[in-house]
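Think of it as A, B, C and D in the order they're written, each chain with its own count starting at 1.
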Amino acid sequence: MEDMLERLPEFESSVRTYSRSFPVVFSKARGAEIYSIDGTRYIDFLAGAGTLNYGHNHPVLKEAVIEYFRGDNIVHSLDLWTKAKYAYLDTFDRLILKPRKLDYKVHLTGPTGTNAVEAAIRLARKVKNRSNIVSFTNGFHGVTMGSLAVTGNAKFRTAAGLPIMGGAFMPFDNYFGGGVDTLAYFRKFLSDRSSGLDHPAAVIVEVVQGEGGINVASTAWLQGLEKICRTHDMLMIIDDIQAGCGRTGKFFSFEHAGVVPDMVTNSKSLSGYGLPFSQVLIRREHDLWEPGQYNGTFRGHNPAMVTAARALEHFWADDTFAEETRQKEMIVRKGFLGLVETLRNYDIEAEERGLGLMRGIDVRSGDLASKITVEAFRNGLMIETSGHSGQVIKCLCPLVITHDQIEEAVQILSRSIARVLG
Amino acid sequence: MEDMLERLPEFESSVRTYSRSFPVVFSKARGAEIYSIDGTRYIDFLAGAGTLNYGHNHPVLKEAVIEYFRGDNIVHSLDLWTKAKYAYLDTFDRLILKPRKLDYKVHLTGPTGTNAVEAAIRLARKVKNRSNIVSFTNGFHGVTMGSLAVTGNAKFRTAAGLPIMGGAFMPFDNYFGGGVDTLAYFRKFLSDRSSGLDHPAAVIVEVVQGEGGINVASTAWLQGLEKICRTHDMLMIIDDIQAGCGRTGKFFSFEHAGVVPDMVTNSKSLSGYGLPFSQVLIRREHDLWEPGQYNGTFRGHNPAMVTAARALEHFWADDTFAEETRQKEMIVRKGFLGLVETLRNYDIEAEERGLGLMRGIDVRSGDLASKITVEAFRNGLMIETSGHSGQVIKCLCPLVITHDQIEEAVQILSRSIARVLG
Amino acid sequence: MEDMLERLPEFESSVRTYSRSFPVVFSKARGAEIYSIDGTRYIDFLAGAGTLNYGHNHPVLKEAVIEYFRGDNIVHSLDLWTKAKYAYLDTFDRLILKPRKLDYKVHLTGPTGTNAVEAAIRLARKVKNRSNIVSFTNGFHGVTMGSLAVTGNAKFRTAAGLPIMGGAFMPFDNYFGGGVDTLAYFRKFLSDRSSGLDHPAAVIVEVVQGEGGINVASTAWLQGLEKICRTHDMLMIIDDIQAGCGRTGKFFSFEHAGVVPDMVTNSKSLSGYGLPFSQVLIRREHDLWEPGQYNGTFRGHNPAMVTAARALEHFWADDTFAEETRQKEMIVRKGFLGLVETLRNYDIEAEERGLGLMRGIDVRSGDLASKITVEAFRNGLMIETSGHSGQVIKCLCPLVITHDQIEEAVQILSRSIARVLG
Amino acid sequence: MEDMLERLPEFESSVRTYSRSFPVVFSKARGAEIYSIDGTRYIDFLAGAGTLNYGHNHPVLKEAVIEYFRGDNIVHSLDLWTKAKYAYLDTFDRLILKPRKLDYKVHLTGPTGTNAVEAAIRLARKVKNRSNIVSFTNGFHGVTMGSLAVTGNAKFRTAAGLPIMGGAFMPFDNYFGGGVDTLAYFRKFLSDRSSGLDHPAAVIVEVVQGEGGINVASTAWLQGLEKICRTHDMLMIIDDIQAGCGRTGKFFSFEHAGVVPDMVTNSKSLSGYGLPFSQVLIRREHDLWEPGQYNGTFRGHNPAMVTAARALEHFWADDTFAEETRQKEMIVRKGFLGLVETLRNYDIEAEERGLGLMRGIDVRSGDLASKITVEAFRNGLMIETSGHSGQVIKCLCPLVITHDQIEEAVQILSRSIARVLG
């Protein structure tokens, strides 16, 4: 490994980032565990930043994809129709859309989240014939130029090399603390014809902001936002790339609030197996795309559709999996609240928050959060930070994690806090 | 299949396009052949628009990826270091860069071509602290907002919903026909401080324009362009997404001309197996990225790095494969020139052109080209059109195609021309 | 006049607006009175929307400009040095800048307000090497493309034909009513690196928003804003085009708050005689313009500099004039508060507000405000409305108005209210 | 004067430019002569860069404006209807539009050229519902952000602080020398749907490029351009700000070519007396402005309309004045061709060109042109340079200049050339 660690930085661009936080070479993984090439085991609370809801290399999905490859089934096909595509779309319709009474068409975009987001906001502009899209403080929707318009992070925005056009930012739920109704602010800007806010075609919002620091939009806020969209003739786009596919305890994160978005973007855990895959869900009446108006070589990646369909059959045919997730939520939550107590003993007013297994501990300092996660990695837990100053320790563990693994991870965190602060 | 053909348009967004030209459901494929679910065989001259240079489901690559999956090796890892990444980067360095005396660092971007293009032009802006990027007429570099700035097609540009900023277009080689030196035009715009052309940070160019209609930049033109870039302090970016990975008879399309670009984008056939994968090659001194300034969930997709490394070992350890490609080029060319003769009998002044196995027949009419390819599909050949009005019948057959398959395809085209025009 | 009223709409573009509210043909004017060609007299509370602070055709200025013309002195000279320019700059320095301890250089721009605003924000971008400019809700700074970026009115923004780039809007003082500190909001957006607010080069603000509906920034708010600018390394630009030149009871509107902006834009009443004239005041250390980097044929209009210098000598050599303005403020205010009482009798909760002789009555309805001003015009008072929905009756009467004229105007308004609501 | 010359640079922003080329203080002027405050006389071949077609302080116009002021007629009135406006519009219609069979409505914009240009291109976008405007190499149309989109000079464009959006540049007539048909180039870009040229709403063009270096569009080229506009559904905007009002020997510069633009911008000499004034002429059917959608405090400046109407009566009631201009053109041309001969003796291949009294000598070097004009100023002639590198000595002398003054100026130039090169 020493030789590799020396040569990799010579090969790879300085843009690399996770290999700086976790500077080892990994080789194997299964479920909630990942191993470096020298055999060191880590519990994975990173989980591909939400890509591995069903864990690493789930055996059921593995068999499905190997069988698919073995049989010389079609791997790459642009957006041709394939048997795998049919099976996926049929399964998605049957197990996900129909039971939830959602009537969406599926746009299979290039297989990255930002491709899906660009498609969604472009279509929204077309539907409403207006260009402005409202996003929210601390929102993250991708870094290609179109998505940057709705992504708040200065790190990405200043790197664009161009002023960024086409978006405007409103405060997310609770942005100014509990007493301030941020939707009232948005409403005022919308109703005042001289506010400087150009009439938006759409809003795009995450139900739980992952990169933004595990900020959860309340049910009341989301319902209020939906109402504003109807009143002011704007589409409501929910970016469910990180929070979707069961992460919050339901398939779509917005199910908790009972809102029905006009568009939904999915990616990350959609394939279930870590394969690149993305889609946009579009209300039937908004599907105004002309043939080929948005394209991409790897749209509708067949192996991903195979594992995606298999994952739906395996995890979403009934409510068992979601129910288990909600139980694990309780365990993580209890553990994290214990850590908050521990932190309080060191005079740190931390906050635990989240929805389902998308949870975080805000320790109020990026420096402290970083020290804790570095120490945790030394002790066998891979966990990252998020938030505008990296102040939130962020748990996106696989949903298939065991109770024991959760307990072990919490104890590592507890020890790490003690070492850093003790 | 009937039932599927009825339900698929209900499931999938109207943006779908190839399923309109080739309206069957496919299931199996191997090498240069693809099969619909009812067993109909088609020779594949589409080949994923350049993604399947090594054919469908190449057995060597198949074994590699199955073995990788079977062993619970890491599938998804964001941009962590993995054994698969090391093996890929080391192999790429050893078999591709070093022998060609190229000293590039590798930026593993999100696994779509447009992600790589956005990264390249963004870094160029950063390196030169200027925003304008020059692209060329009929150039295609992707459809996310950043890439649209350098993509000429009105179909995509008008769908953007925003004016497109950051690019300017100059005429490609031979744009006005043989007598006009288009570089002189570019030089004049650059040297005149009141021409309206803002000093570009970079040019981005395809050696062979695929979507643009198989337009080949001559060696003299590319060398002239390289010189202009040096004289006027601009980076030269070669987008080798479609023309790279051996398509033109050499690994990089620009090797024919002996130019050395500052950046190169790769995708499509890079994984060799149709798996999503992209990279940008960057001169060491231009690697000014700060950690994490450009990101993406599926960057450095491990299974794709496994097949990519295996493909390099299998096809690029010596010159055999490239040599065979150049021989097949002769066969395709001969066949296509015969078709040009046939077309002449119907008073159509067609032109055959291309480089390596990236070839086309310009039949001067999108309507005619469409009729011929529709008829060819009925007769067992999948082949698409390209060019600003779809006037070019475009061959991007797998490089592993057999001589017999080429002959068969040419005969199908010949018969199709006869039926359409006869 | 009948014939003229018929032909004028045939000659002039439909963009005309004031001739719709006041559909007569005017010919003569003096002080605070204006006459139509049939001799009807109107008290002028419009006063060129703040251009005629010293009234129509002030005799002292009239003599100055006639004498200047009579003597074949230079009228037009681009930005050459002229005797008139020297006299103006010397007088401005002596009577305005020096006594206020302000050390500005003068940029004589094209003679419209929007030219001055474009110059100011362009220079701010240059000074800070950042592009974003923060403006405030209901701010109006002109309609050329650069100024539109900082102008909030949807009427102008939607007419641009392009998305508008380069500005962002924050809430003005009191935007959400008394309880909400809008600067806290701005501070939060600035300090959060993921808020979506790109670090601004500058803020541009009106001390009293004229078009916006006579919204007055409080001293505390302006001082707070100045402090934010210092803390966050942004320039503070005060647009004093409408509120400057004595309108608020001091030469510059920002003198009340004791803030010292980095740049100031002046126009409208600057020439004193209604002649086109504009300038930007720039802190000496920020004057980074290269020669000729911003130009315009009519910059530094000589006759305007003659009347401007004469106006400074006549009105600003001592504090008498400003003192008289503040006395008249009391009279207008008393009259308007009476009108507010009257409106309350009709169950309308109107509000009187303003600074100096820039005052308005917010009657909470654009329709009502319009009816009252239409009736007032029938009764001999020319007065306009402003605000996002035209809900504010806006008084910008000449500062040279007499006490009797004020009383008469208030009585006309009183009668008009009675007729409209009675 | 010494004291003034010392203090002026302390007062005025470093953006000043003409005072660098002609570093004296001017005070008086009449006709084609201008005087510094110490009485030095200069022949004025600068003439306000085309603003003083009727010379400095023309006695007839002077009387008109003094009489207007003397009578307490309305000076400032926003866009209210005034007697002066009626008189101007009626006169313009009677003496200019009707005799030329032109049916335009008049949009009185803010009184700078760039205000008129911004209005014209904004309306064109509205009429065609497209945003792109095509301009031409070396075109200059103003420096506010909207006009910058169609202005080619890097000096201004790089100072914008933002990438400039909304325009694209095509080669002007003769841009590549005599053999190349630049309209063929434009046609090719328009007809190719993948050229990267977004379908323009309009073209904006100068018949003679003033700032661009006295480049004259030929009749054939303008007629070809008009035809392209019709074929491709684009408006044709002629910017006649510098070349209009008789400068080329006809009132509008486009009359020579017999084309009929959709819009015309006028400013500079429109008032006749150097007073700020601008307008856009709009085909009746394109006047889609809504009331007040474009505004400006000094639009329709009354004193300027008074002198403008008087100038039309005095100079344009019959063809005498235009005829005299064309005679003077012959004299200037003969003199300049002599200078070209002189330059040839020094091995400089200069070129004389122009239309009417808008003429220049291209000496192929900005450095040489600058030396000659500096020397000329020492000898009593004020004349500037233009062109992308300042290589053209540019004559825009007043049209009222006498034959003797022309001869004297030519002799000064001749002597200056001899001194610089001798």
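Simple rule for what comes next: contacts are C-beta pairs under 8 Å (C-beta built on N, C-alpha and C of every residue); 3 or more make two chains touch, one makes a residue touch a chain.
From a predicted model like this one, the values you see are computed outputs, not experimental measurements.
J.: Looking at the contacts, which chains touch chain A and chain C alike?
T.: B, D
J.: Have a look at B-C versus C-D and report the one with more C-beta pairs in contact.
T.: Most contacts of the two pairs: C-D.
J.: Among the chains, which is located farthest from chain D on the basis of C-alpha centroids?
T.: A
J.: Where chain A and chain B touch, do the two copies share over half of their residue numbers, giving same, or under half, giving different?
T.: Interface between chain A and chain B is built from largely the same residues.
J.: Please tell me the distance, in whole Å, between the geometric centres of chain B and chain C computed from their C-alpha atoms.
T.: Each chain's C-alpha centroid was found; their separation is 58 Å.
J.: Could you please state the distance in Å, as a whole number, between where the Cα atoms of chain C are centred and where those of chain D are centred?
T.: 31
J.: Mind pulling the residue numbers of chain C that touch at least two other chains?
T.: 131, 155, 162-163, 165-166
J.: Quick check: in the complex, which residue numbers of chain B touch chain C?
T.: 162-163
J.: Please name which positions on chain C make contact with chain A in the complex.
T.: 131-132, 135-140, 151-155, 157-158, 163-169, 171, 175-176, 180, 184-185, 188-189, 192-199, 211-212, 387-389
J.: Going by the contact rule set out above, which residues of chain B touch chain A in the complex?
T.: Its residues touching chain A are 4-5, 7-8, 10-20, 22-30, 34, 37, 46, 48-49, 51-52, 56-57, 62, 65-66, 69-83, 85-86, 89-90, 93, 105-108, 110-115, 118, 121-122, 125-126, 131, 142-147, 149, 155-156, 159-162, 165-166, 201, 241, 267-268, 273-276, 280, 282, 287-298, 301, 303.
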